[in-house]
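One chain, subunit A, appears in both complexes that follow, with subunit B as partner in the first and subunit C in the second.
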Partner chain A sequence: MSLVSTRDLTVTLPPDTDRAHAVDGVSLEIAKNEIVCIVGESGSGKSITAHAVMGLLPRGVRATGGEILFDGVDLLKEAPDAMRKRRGRDIAMIFQDPMAALNPVVAIGKQVTEQIRAHCAVTERVALAQAADLLGQMGLKDASGLLKAYPHQLSGGQRQRVMIAMALSLLPRLLIADEPTTALDVTTQAQILKLIKRIQAEREMSVLFITHDFGVVADIADRVAVMRHGRVLESGATAQVLREPAHSYTRALIAAVPSGDNLLAPLPDAAPLMAVTGLTKRFRRGGFFARNAVTAVDNVSLTLKRGETLGIVGESGSGKSTLARCVIRLLDPEEGEILFDGADIAHLSPRGLKPLRRRIQMVFQDPFSSLNPRQTVADIITAGPRAHGESAKAALARAADILRLVGLNPETMHRLPHEFSGGQRQRIGLARALMLKPDILIADEPVSALDVTVQAQVLKLLDDVRRQMNLAMLFITHDMRVAAQVCHRVMVMRHGQVVEAGPTRDVFAAPSSDYTRALLAAIPGRGTL
Partner chain B sequence: MNRLQFIAMRLVKTALVTVAVVVLSFFLIRLAPGDAATVMAGQSGYADEAFMKNLRAEYGLDQPLPVQLAKYLGAVAHGDLGTSYVRRQPVLAVILERLPNTLLLDAFALVVAIAGGVWLGGIAARKPGSWGDAAVTVLAMLFYAVPQFWLGMMAVLVFAVWLAWLPPFGIETMGADFTGMARLGDIAQHMILPGMTLALYFLASYARLTRTAMLEVADADFVKTARAKGISERQVARRHILRNALIPLVTYAGLQASILVGGSVLVENVFSWPGIGTLAYDAVTARDNPLLLGIFIITAILVSLFNLLTDIAYSIADPRVELGR
Partner chain C sequence: MRFARRFFSRPTALIGFALFAAIALVALLAPVIFARGPFSIVGMPLLPPGAPGLLAGSDVLGRDMAVGLAYGARISLLVGIASTLFAVGIGVLLGAVAGYYGGLVDDLLMRVTEFFQIIPSFVLLMVLVAFLQPSLGSTVIGIALVTWPQVARVVRGEFLSLRNREFVQAARTLGESDARIIFTQILPNALPPIVVVSSMMVGSAILTESALSFLGLGDPNLLSWGSMIGGARSAMWVAWWTTVLPGLSIMVTVLALNFIGDGLNDALNPRRRG
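After this line comes the complex of A and B, so read on.
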């Protein structure tokens, strides 16, 4: 029998939004002791469905039709107070970003005990002992120390374990996990997925797991429902949906998960356009008297040829972004040299750098914050050329061509960034960089904020542009799958050092370091997809 | 850098700021035409060239400015702020006699402003766009817009003259010679009108600030987590929303304390409150430069100390902030 079943659930959005319903007639079954995944892209209604079950829809958003039966009781008809008492006790939830989901100014212990004491009449001491025990079960060491710590003192993985501990503290029958691993590093993601699966099996709990990643679905789900535009397109046993997807959209989603086939072959030998040797960047911590420095980039060397994409892969804190910022001289490296077209630019003065700035351009991760919201696209993408002395008229004329090149309609160039979708904005970011006719393009996680299908399009675009303009590209990513798609060679970084480097094919087929092997093993859905 | 190093560093900075304030105001004051000698001569009703010259010699006003400054700085370094021309008393003693009155009034205004502002802001944030929210917004705009001296005079008119509920001026009832609790009660009564007048402007700021901060925090993920725990809305609001929304208020409270500590010249004068503000006013009109400079120095030191206290309070309110980081 199902623990949860929604029937024709409809969730209505406020009148001034672009569509009427966030969720439009969704029927789902979650049996006891099973993990059901809802998979979909942003705007599919997957998250709203989960929040409706929890009774925590955002302000102005209301469930207006259908029912949500929990153990036979319609949750939509429950009194607010009764629903509140279910939350945390019968149904618990964990969220995407474990940093934002924990109160930054309250100690961890207090946050866990608050959950326990909201439903059970126990003293703080008893609750704290229980909390310590729970943290231990989640595989966290030094539980009593953690209870006194604040969220910012924990790593992302630790925080998510705390969240899970909190959610499980009252043995709920349903755990709702809303993209719980999206904000985590791959290796951490693999651990958290394993943890959720283990806990679920031990406690015979039901789990509703929301994700955009079919790799994660393959790893964790018993059954899967594919959502798009507020409707369930297809649902069934995971193996079956993966093997024979009935709907074309499902096929597109599965195809968008990079497979690691047809990897790019390394380019033939040629003189490098850029050669970095022994680059080191330290950050002093603390103020004036600080003695301890953190070495963010430690003696890193690399070469880059024209027309080549070098992937720099690493988890957060590996120093990959710092390396990129040093190469483009947004940061000043302490040691090492950066030979660009034969000249060392590592210690060039700002004035000397100016003519070179044009030739090395960057595309940033977040397509939302990296474009000035009050400037039109035309202003944004012609600003660079104008700063380098091109006339506004000439720049505008070229802007139309470049926009066409990145797949945007030139007629839209007088609009503001907010009128574009995430994928389109990333294209604008790329157009801005290309306007300066760079020799080297540095792409810092250019697709990690995008939906999978959009990700695939932007990756293809980057690769096309590289071919057409014979660009050298430094591609920074935390995602081995993404690196596999566009890079000729990859360099794996950890703690500021290069762990392994070589042609993509070799690194994937026969990784030489344990860390690379761990990274590859952590790729969700590996082996299934 | 640890806590103690940070505090030590800040105390050094305080000293530097104080020296800068002394030097700047020393020259600034002398930019105005005339000097203490003209004022004293005017008061004595009799002045000829020789008398003025004697006066200037007596107070060292005939020496070149840099020499005067050097002498003054030397004296200040030894804790001697000079002698008031008008009162013929050591400047430090005069200021220290008045300072507690100003600090008392400030503390009262600070507490009223924060408590009232947070309360009103909380009401406004509960249902944005509601009648309560609109009422708080209008009230806040009103308190912002009304000049303090006018508000003070109206308060005197209504509560002291018409209703006769509260005393209109001073810090205690003259000639009553209360002692103990009776005296404290008397001072408290005198404090209400000037204190409220000072507080209302800041109260409006706190109300607006609290409202904005609470609405911002209300959308944070951890508030969703709190609701997912099944705790009551009241607890969500208090423990999670308000607790985080109060952090920016710490900065503002520090700012307010710094503004008030120089003595609110207008309000103290309207209510004849014997604090630093009235003292500064008297010093300016009487050209009592040593006294004025002394007030500047003490105020500068207090403002620096309040800033330090604010930073320390901030690091307590927000565990993510470490002193010296």
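After this line comes the complex of A and C, so read on.
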């Protein structure tokens, strides 16, 4: 007997958007005591479907067809007031970004008890006791201390546990989780997935879990529905869908999850193009006279050969991005040397750096903020050559070739960045870097903001470009799966220090540190996919 | 063009723009329509509006109020726009440098900015204008000197958030010079709030100029709305039009500018689009 079933659910978008329907005739069943995953890429309608069940669609977006039966009652026909009472009590929801979902100026205890007291007539003290108990169940230590804390004092994982505690405080029968682990580190993600599965089994509730990651699906779901362009392409038992995907798109999604097979072999010995020794970067906290400094990068050494990709893997706060920014001298390191082509560039002045700029280039993480929204693609990618004295005309002539190389139509070069998709923007960012014919390319999480199928294309492009131009590449990522796909060697960082380094094959086959083992074990879908 | 459609879709913006255009037209054409100038005496003093040949009546000295109002518009708009241009120039430069470089430079420039902000600005302005001798130039410079800090603060705030964007970091890795990054990468993205603040500043500069002229600190050789009110103080109770008409002119002009500012804010602010 299903708890929730949607029949031909259609959600209409406002008239001036590029599509008519966000969700187009979706039928889903969620049985009691099971976890159903909706998996899809951005724009697939997976999130809108979840919000429709919750009765919380964005302004202007309306459910115009079909029905959502919850225990036999059509939620689309419920009065707003009745629907409000159901939220929290019958259906609860957790979100991707727990920081945005928590009020930053209200203590955790107050936020957790507010929910309880809004639905049940209990005193503040009883509610607080319940809250502390709930936080304990979520695996949070020192619950009474946490209740007095404010959101910014908690880690990302702690915040998501608090969100889950709040969602579960009224014993809902359905928990909707909208990408709840996407913003978290892998090891934290693994813990939260385990927690959701445990709580679901203990309380025998139903979970509707939204994700873009088939690895996560493999770990958590009983059944899975694959969505694209507002339609369900395929659904069934998870094991069945993973073993014999019926739809070609499902096969593409599963294939796009980096598998960890065909790892690159390390390159033969050669003189390094760049050698970093004892690099240290501290950030002073607080004002001018503040004493406590945070060591973001702590005595890191590495070498990089021509044609080689070195992966720097670590979770947030590991110092991997700071290291990259020191190497490209966006930041000034305090100690250590960066030997590039025989000369130390760690302490060069801005003037001395200028000729070097064109030889070390960078691709950034965020395809939206990394391109100036007010410049055309032509302006963006010729800016580098122009800064180094090339005439605008000559640069423009080369721009077409570079755009073709990264897989873009040169005729689009007079458009503004907002007319391109995330994957295309990342290609523009790469074209900007390649225009200077660099020796070293630093890629800072270049695919972490992209959909999985686009991710696979951009990774392939980066690898092709590296081969063609014999580039040395420093590849920063938090994702072991991605690192496995493109790197000859990897270096694992934690708290600013190198935990382990070696050829990718060796690190994956026989990790020497506990931390690397934990990272590898936390990869979602490991063993199943 | 989508910008123009967004701007004019607000009725208040349309009204503001129409009013401002009308006032600007009158100001531009004043010497053509009223060639004899605002100081010439045309008849008996304190004739009410509608008296023969006197659309807006005459003032205490028997001068044509309509001519005074038209010439006053020239001064008000000139002072408002010129002082705002100066203030925006100083404010953008200092705010951009402070926000882009941060650290010690920022601390230093912000202390200077605060120095100007903690002094009662109108008192400082009166001292400045009195010290420089009252004239059109000293009024413009004085107003610019007391109003640039608000521009500097807005620009600094925008630069502080924009300088950490990845496209700015990218420009640095490409080897672009700081000046180029400030003017071609960051400034175009910081323009919307600057435009909005400036349109509001024109209005407040007009008010300030009127207050200065009212106190007799305006250019003695020019007639402005403020000095018209100041000169007619004694006749306020017997001839309402001598003070009310220039007062209304100030009010309508400032209101029009505020409407334009609101309209620009909505049209330029991407968060309120759609």
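Keep this in mind: the second predicted complex is superposed on the first by the 529 of 529 C-alpha atoms of A that agree within 3 Å, B and C clash if a C-alpha of one lies under 4 Å from a C-alpha of the other, contacts with A are read in each partner's own complex, and residues count from 1 in each chain.
In this text, contacts are C-beta pairs under 8 Å (C-beta built on N, C-alpha and C of every residue); 3 or more make two chains touch, one makes a residue touch a chain.
Note that the structure is a prediction, hence the values are computed from the model and not measured.
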| said: Let me test your reading of the model: by the given contact rule, A:A387 touches which partner, first (subunit B), second (subunit C), both or neither? | reply: second
| request: May I ask you to decide whether A:V294 touches subunit B, subunit C, both, or neither, giving the answer as first, second, both or neither? | output: neither
| message | Just checking: does A:M54 make contact with subunit B only, subunit C only, both, or neither of them? Give me first, second, both or neither. | response | first
| message | Going by the contact rule set out at the top, does A:G429 touch subunit B (first), subunit C (second), both, or neither? | response | second
| task | Give one of first, second, both or neither to describe whether A:A252 is in contact with subunit B, with subunit C, with both, or with none. | result | neither
| query | After lining up the shared chain so the two structures overlap, which partner does A:R358 touch, if you call subunit B first and subunit C second: first, second, both or neither? | reply | second
| query | With the two structures laid over each other on chain A, which partner does A:V106 touch: subunit B (first), subunit C (second), both, or neither? | reply | first
| Same subunit A residues contacting subunit B and subunit C, which ones? | 288
| query | Of all residues in subunit B, which touch subunit A in the complex? | reply | 1, 5-6, 9, 220-222, 224-232, 235, 239-240, 243-244, 247, 317-320, 324-325
| said: List the residues on subunit A that touch subunit C in their complex, please. | reply: 16, 288, 325, 328, 330, 353-354, 357-358, 360-362, 364-366, 369-375, 383-384, 387-388, 429, 432, 436
| In the complex with subunit B, residue positions of subunit A that touch it | 54, 56, 84-89, 92-93, 95-97, 100-107, 114-115, 118-119, 150, 152, 163, 166-167, 286-290
| note | subunit C contacts subunit A in the complex at 107, 165-167, 169-177, 180, 184-185, 188-189, 274
